[in-house]
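Could you have a look at this structure, given as structure tokens, before my questions?
In this document, chain identifiers A, B, C, D, E and F correspond to the written order of the chains, with residue numbering beginning at 1 in each.
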Amino acid sequence: MLDTGDTAWMLASTALVLLMTPGLALFYGGMVRSKSVLNMMMMSLSSIGLIGILWALYGYSIAFGNDVGGGLLGNPFEFAGLRGLFVGDYGADPATFPMSGTIPALVFVGFQATFAIITVALISGAVADRLRFGPWLLFAGLWATIVYFPVAHWVFAFSDDESGVVGGWIANDLAALDFAGGTAVHINAGSAALALALVVGKRRGWPREPMRPHNLTLVMLGAGLLWFGWFGFNAGSALGANGTAAFALVNTILATCAAMLGWLITERVRDGKPTSLGAASGIVAGLVAITPSCASVSPLGGIAIGLIAGVLCALAVGLKFRFGYDDSLDVVGVHLVGGLIGTVLIGFFADPGSPAAVAGLFYGGGVDQLWRQVVGAVAVLVYSFVVSLVLAYIVKAIVGLRVTPEEEATGIDEIEHAETGYDFSSHRAVSGLSGQRPEPAAEAVPAAAGKEA
Amino acid sequence: MLDTGDTAWMLASTALVLLMTPGLALFYGGMVRSKSVLNMMMMSLSSIGLIGILWALYGYSIAFGNDVGGGLLGNPFEFAGLRGLFVGDYGADPATFPMSGTIPALVFVGFQATFAIITVALISGAVADRLRFGPWLLFAGLWATIVYFPVAHWVFAFSDDESGVVGGWIANDLAALDFAGGTAVHINAGSAALALALVVGKRRGWPREPMRPHNLTLVMLGAGLLWFGWFGFNAGSALGANGTAAFALVNTILATCAAMLGWLITERVRDGKPTSLGAASGIVAGLVAITPSCASVSPLGGIAIGLIAGVLCALAVGLKFRFGYDDSLDVVGVHLVGGLIGTVLIGFFADPGSPAAVAGLFYGGGVDQLWRQVVGAVAVLVYSFVVSLVLAYIVKAIVGLRVTPEEEATGIDEIEHAETGYDFSSHRAVSGLSGQRPEPAAEAVPAAAGKEA
Amino acid sequence: MLDTGDTAWMLASTALVLLMTPGLALFYGGMVRSKSVLNMMMMSLSSIGLIGILWALYGYSIAFGNDVGGGLLGNPFEFAGLRGLFVGDYGADPATFPMSGTIPALVFVGFQATFAIITVALISGAVADRLRFGPWLLFAGLWATIVYFPVAHWVFAFSDDESGVVGGWIANDLAALDFAGGTAVHINAGSAALALALVVGKRRGWPREPMRPHNLTLVMLGAGLLWFGWFGFNAGSALGANGTAAFALVNTILATCAAMLGWLITERVRDGKPTSLGAASGIVAGLVAITPSCASVSPLGGIAIGLIAGVLCALAVGLKFRFGYDDSLDVVGVHLVGGLIGTVLIGFFADPGSPAAVAGLFYGGGVDQLWRQVVGAVAVLVYSFVVSLVLAYIVKAIVGLRVTPEEEATGIDEIEHAETGYDFSSHRAVSGLSGQRPEPAAEAVPAAAGKEA
Amino acid sequence: MKLITAIVKPFVLEDVKGALEQIGVLGMTVSEVQGYGRQKGHTEVYRGAEYSVDFVPKVRVEVVADDTNADKVVDAVVEAARTGKIGDGKVWVTPVETVVRVRTGERGSDAV
Amino acid sequence: MKLITAIVKPFVLEDVKGALEQIGVLGMTVSEVQGYGRQKGHTEVYRGAEYSVDFVPKVRVEVVADDTNADKVVDAVVEAARTGKIGDGKVWVTPVETVVRVRTGERGSDAV
Amino acid sequence: MKLITAIVKPFVLEDVKGALEQIGVLGMTVSEVQGYGRQKGHTEVYRGAEYSVDFVPKVRVEVVADDTNADKVVDAVVEAARTGKIGDGKVWVTPVETVVRVRTGERGSDAV
């Protein structure tokens, strides 16, 4: 039976989570140098376009189709092209169309689509300034198909005895708690980012040559939009306007506040100054950590998890210098580490009085839930890393991955997109015939476009 | 009877659609040169202020008042100043105040106000860099009064036999399908933009002198906010949190994804490189095309419409160079063309299983619906173009339209608003007494303000 | 009994109001010089982190705990750490967990938290470019504790005979009307801003040396996000998706439109040109003025209040030059003055047909309501000013407030945060070993970081 | 060799470039500058407070040329940059002792 | 004629401008530059990684003046720009062979 | 005294700076410029419309040095800035009559 209140909240949540990807584009875009900002943002925007379509074609079906074996995969054909999910008599009262719980099935489809989109976009932070756009799209499509869609099935597809629908192994057999995607989204993306960064290799001159963020106002704007959208991500995962959503909402505020403070304190102690990039980074770290745990820990537990995530992620972003991998915008340090923290700490902080109604180690629940959390986290981490590594090598073999060193020096925006992010000059640095050339001539352009003569 | 879920979604939708106009200001503002960015944004912001007030005074009444003849116009006095729409006992249970369906009438008033606002703002993209601010306001007010308010009546005012309320001719007599405003909003604005651009004339040096976008991060941010707000625009047009809203929501995601890809592919083939401006433009083109059709075509149909719109609009933006009209930011190429595509394609793709429950040509419905769509589209196109042309000439005759060539070279921000968009300099390029002069002296300022000595 | 529609709207409203603070960061950040933009934004962001945590620890309890005497203060321990507000059986049907009205208590906690956060952030506009970050945090924490939390109790805590809960004196004993916080939020913050500005002192070179906004596109973006979020602020204060919310929603559109026009007209007349900063400022002035009155005046009354606020605030921002206090971003001129206008004008425009169902002077209600409004406004103004003055002096005495004149000339971003807002240079102005030094060395950095050798 | 430095209005840059190409000048270096002189600036107003902007955006064009070419260059630039309005700018010539093309190490005339 | 070039701290620009007006200098050209010298830069920290910024923002002021005026100009600028702190900058004088006012074609002293 | 002006590719700035330090040059002034010459620009495309960007970003490095040092400086810069590709840039030397250190008023060699 459709509940308009639940539906209203899920419609809003879908819009909120979709906004997160443009928000991420700004968050990432501001952190790179001005000659790469457009490409950085394009990797996120293109994820929306590409993954949104794949989701409708077969992604939703792989993730939420009836299990075809071992809780590893949903039936890719069951809902291919969203068939069977929308046809009905919308005029009748009560209307007849497929539902999922108290909301129309299509809202659930849209809501989950935005999760698939942003998970793929998150990965791009690791390969700023150097990955060609075509290979990015190829990798993104393959990764979503082979990694995200199945893993979403593992974690988000719950079995339903009534309808006899069978879901994924982590959600049902292992029964690890991951309310909004600490494993499927953040550990998954972070692990893939590490693999891709390793295969793509370091930026020319990194780490010797410093590459400072070109526009921190964009970074802070992006962090603000991410937080805003994340309310849909976390409280929306309650799939209705209920007490669980309220609970997740409050934890999504408190843990994030604590993480911001945690990151700033760490900077103050270690570097002498709290920075705006640190505040923005702390916000994201806190949101990542509370994503899996927002419905299973008390508000004070949420504050504790946020604080821990803020401090540990602020330290973790330094790892890449120790180990020498160029995870350019710290997808590993923030999303992989933050996701692990949030997922594992549930084993300690889970409060029986919370919607999840599970007791963690600190609440006398012993290590039972803890090991489930660890197994779930590690499973996703390993699967994502290995498959991503293989996919990256395959793409490299087929089409290659990087722009040339000269092109990298010139700037990937000019090379891959034939554009410049900003032009504040008073004079016209550009000239020449504007307007489209007759087709043949136009064909000649591409050759030239963006190339240094 | 008030439904809190429907009301919650419509309250949220109103906020979402209002946000679209600041989003448009950024989308447009980033595309012009830095010396015109403020004026470009001001044309959008001022539309909110001006049209919002006119809407309350008589706009809503013209659009949704009881028809005063031939489905052409609502009674301008019926709800003048929103009278009769708010007084009631809000404390009583059930509360007594005017409703429209399951939501308070005032929510519908607010929701529709945001449509009037953005339609006017859309026009401004055609006259970047050169239209004086006063004449813009005059044109905007006249156009809303004589063109938008009546056309909104044609398309959005449905007759209601029970209450005996009579609505507009396109919605009721013609029964063309336009769910969220492909005709009333996009064809309408695009057609007016063409007329206004023709009367205002080309920018100094166009097309010889290139005028490249000064800040593409603003353009992408704007596109992101537009998409976000568009969920309120399309799914909100269901006027409730129901299956139709869910249906519209999913199409608003899928068609937009497809259009983005369509535009990028077109660029890749024609120009050699997919651009970020192309991605942002494709997003808007897709949103425009799915606006009328989001409740009448299946998800796969939505993908098809989006793809077609992405490709055709990417080609259409070149027309201005062929025909030599300076539609500066392609309001014609994106909104007029996109609106036509979306409105007419309903005639082909309409799916009887959709909320609209109409069969298009491809679903065995024959050409019946197709010609209704064509008639509706052409009617709005012609009416808007002709009246806009006349209004533009009238404004030109009374107060003139353009800044002088010298002023245009200097930059319209300095001339019309006495401001500069950005100041990143390390030194103080400005000096002199700050603070307000005693009134008389202050009077002297305006004369000077923004003028070149 | 939980109403999912009301809950859906309040979940959305909480997200909307939280977004206002990042929006404010952009609005303020764009108005300062580029060398101070990060610090300006950090004062807002840090308010979220700090006040969010204090709210959970004891803030909510002071504001909404049962009154401990004279309507001045809620019991700080009653809900310390949010205890008693979340534990329950979320699975049961109907679920058992604490409610506030028709929504889960936790949603109300989250919603109100965002009010406390932005009120503190608003103050920062008065002390741009010069206040050290540590002292800001100290002041912010103390002010929230001693000023905001109690004042929120006065204004927002309503007594409930049933449950026997006793609330604040302004809401109950005085019965002044302040729907969404004209007194508790705007007069409160504006008054504190004046006090803090007086103690901190003028910026080096003010007003002789002009300090023009460095990025007006950020200001307009911020204004847009503020308006968007303000729908949650005002319509959300109805605590449900009902007629009162609808009423507040429409006034939040109309009064703001009118204020924008009012400000622009004032500029046109006085300075000769309407400016984009004026439009953005008018928007905020209108939103401030309609905040207390949006549920007690008719739409036309709302337009009148907005228009008056737009004109008067446009004039009020000049006062600082007359009286020589450096309220850098006009928190006094916009929030204190705007808050007073909105709060007091209720006494004139209150419409008995509105949800508040009170008659003001113009509706034959005499001066009864008027004096209640005046008393409430003045009480908050005086309390906030006096306590803020004392707190500012205390903080000054303990840790000092300002950066040195040299540091101010260099720019507070570099000094306090060791960052630069923008880097559009083509070459690398930066160099040297990147990457974290071994801890001891790192310890050495802070000393150096941001310091001029 | 000579260094010809021209301070001109931003929107004449294209014409100056064209004029130089006319007389076979293959290269130049351009930069943004702020000018102060007879041409007055303008006034901006933010929240009612006036800001007088005294400096006017200009473009600096620098050309290194043979002694023999110097005058031709000066004339070409002056010709192309003139609008007849106050603020057209200045052109000045300074002596250059050596010019080196970095790529080849060529010196003097061969370097430009 | 001489070209006086001064590299000074950004915030003294107003004073330098005033000093030049004092001695009747009607025009100048200003541009933003990055300085490197005894005055050291500063360190920035992003996500724990240090960036040492070696260059310091400075402003270049260029004035073309009569031989007779050159010294007056130099002294005026030095006077106005001095704060006594490291990094105050440099002023240097180079010979100018011709100056032309674009608008009128006037040359030499009349051109400035 | 001499003024050595170098127009080089942005990414060699660090190397040039290093090379100058090598030979004991304590200071320099750097600014962003747009270069035009043999090295062609590139084409950008916005909504299908081409924009040919003729100017290439370059960096100007200015060093005032003793007559005796001038050649060393030129060689050091040329050395450090050479990539062998078109567009490496130019270095030119102009005579300087006086140099003053603003802070101290020192003149000539002591000023740099």
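By our rule, contacts are C-beta pairs under 8 Å (C-beta built on N, C-alpha and C of every residue); 3 or more make two chains touch, one makes a residue touch a chain.
Remember, it's a predicted structure, so these values are computed and weren't measured experimentally.
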item: Each chain counted as touching chain D and chain F at once; value: A, B, C, E
item: Path length in the contact graph (chain E to chain F, fewest steps); value: 1
item: Count of contact steps on the shortest path from chain C to chain F; value: 1
item: Interface composition of copies chain A and chain B: same or different, split at half; value: different
item: Of A-D and A-F, whichever chain pair has more C-beta contact pairs; value: A-F
item: Euclidean distance of C-alpha centroids - chain B vs chain D, Å; value: 45
item: Chain B and chain C, separation of their C-alpha mean positions in angstrom; value: 32
item: Multi-partner residues of chain A (each touching 2 or more other chains); value: 3-6, 8-9, 12, 207, 209-210, 212-213, 215, 221, 241, 270-273, 275, 277, 318, 321, 418-420, 422, 424, 426, 428, 430-436, 442, 445, 449-450
item: For chain F, residues contacting two or more additional chains; value: 11, 14, 17, 30-32, 34, 44-46, 48-51, 54-55, 94-95
item: Contact graph of the chains (line, ring, star, complete, other); value: complete
item: In the complex with chain C, residue positions of chain A that touch it; value: 3-6, 8-9, 12, 16, 33-35, 207-217, 220-221, 223-225, 227-228, 231-232, 235, 240-247, 249-250, 253-254, 256-258, 260-261, 264, 270-277, 279-280, 282-283, 298-300, 303, 318, 321, 353-355, 357, 422, 424
item: Contact set on chain E toward chain D in their complex; value: 1, 3, 17, 26-31, 64, 94-103, 105, 111-112
item: Chain A-facing residues of chain D, complex; value: 10-11, 13-14, 17, 30, 32, 57, 59
item: For the chain B and chain E complex, residues of the former touching the latter; value: 425-428, 431
item: Chain C partner contacts - residues on chain E that touch it in the complex; value: 11, 14, 34, 39-46, 48-55
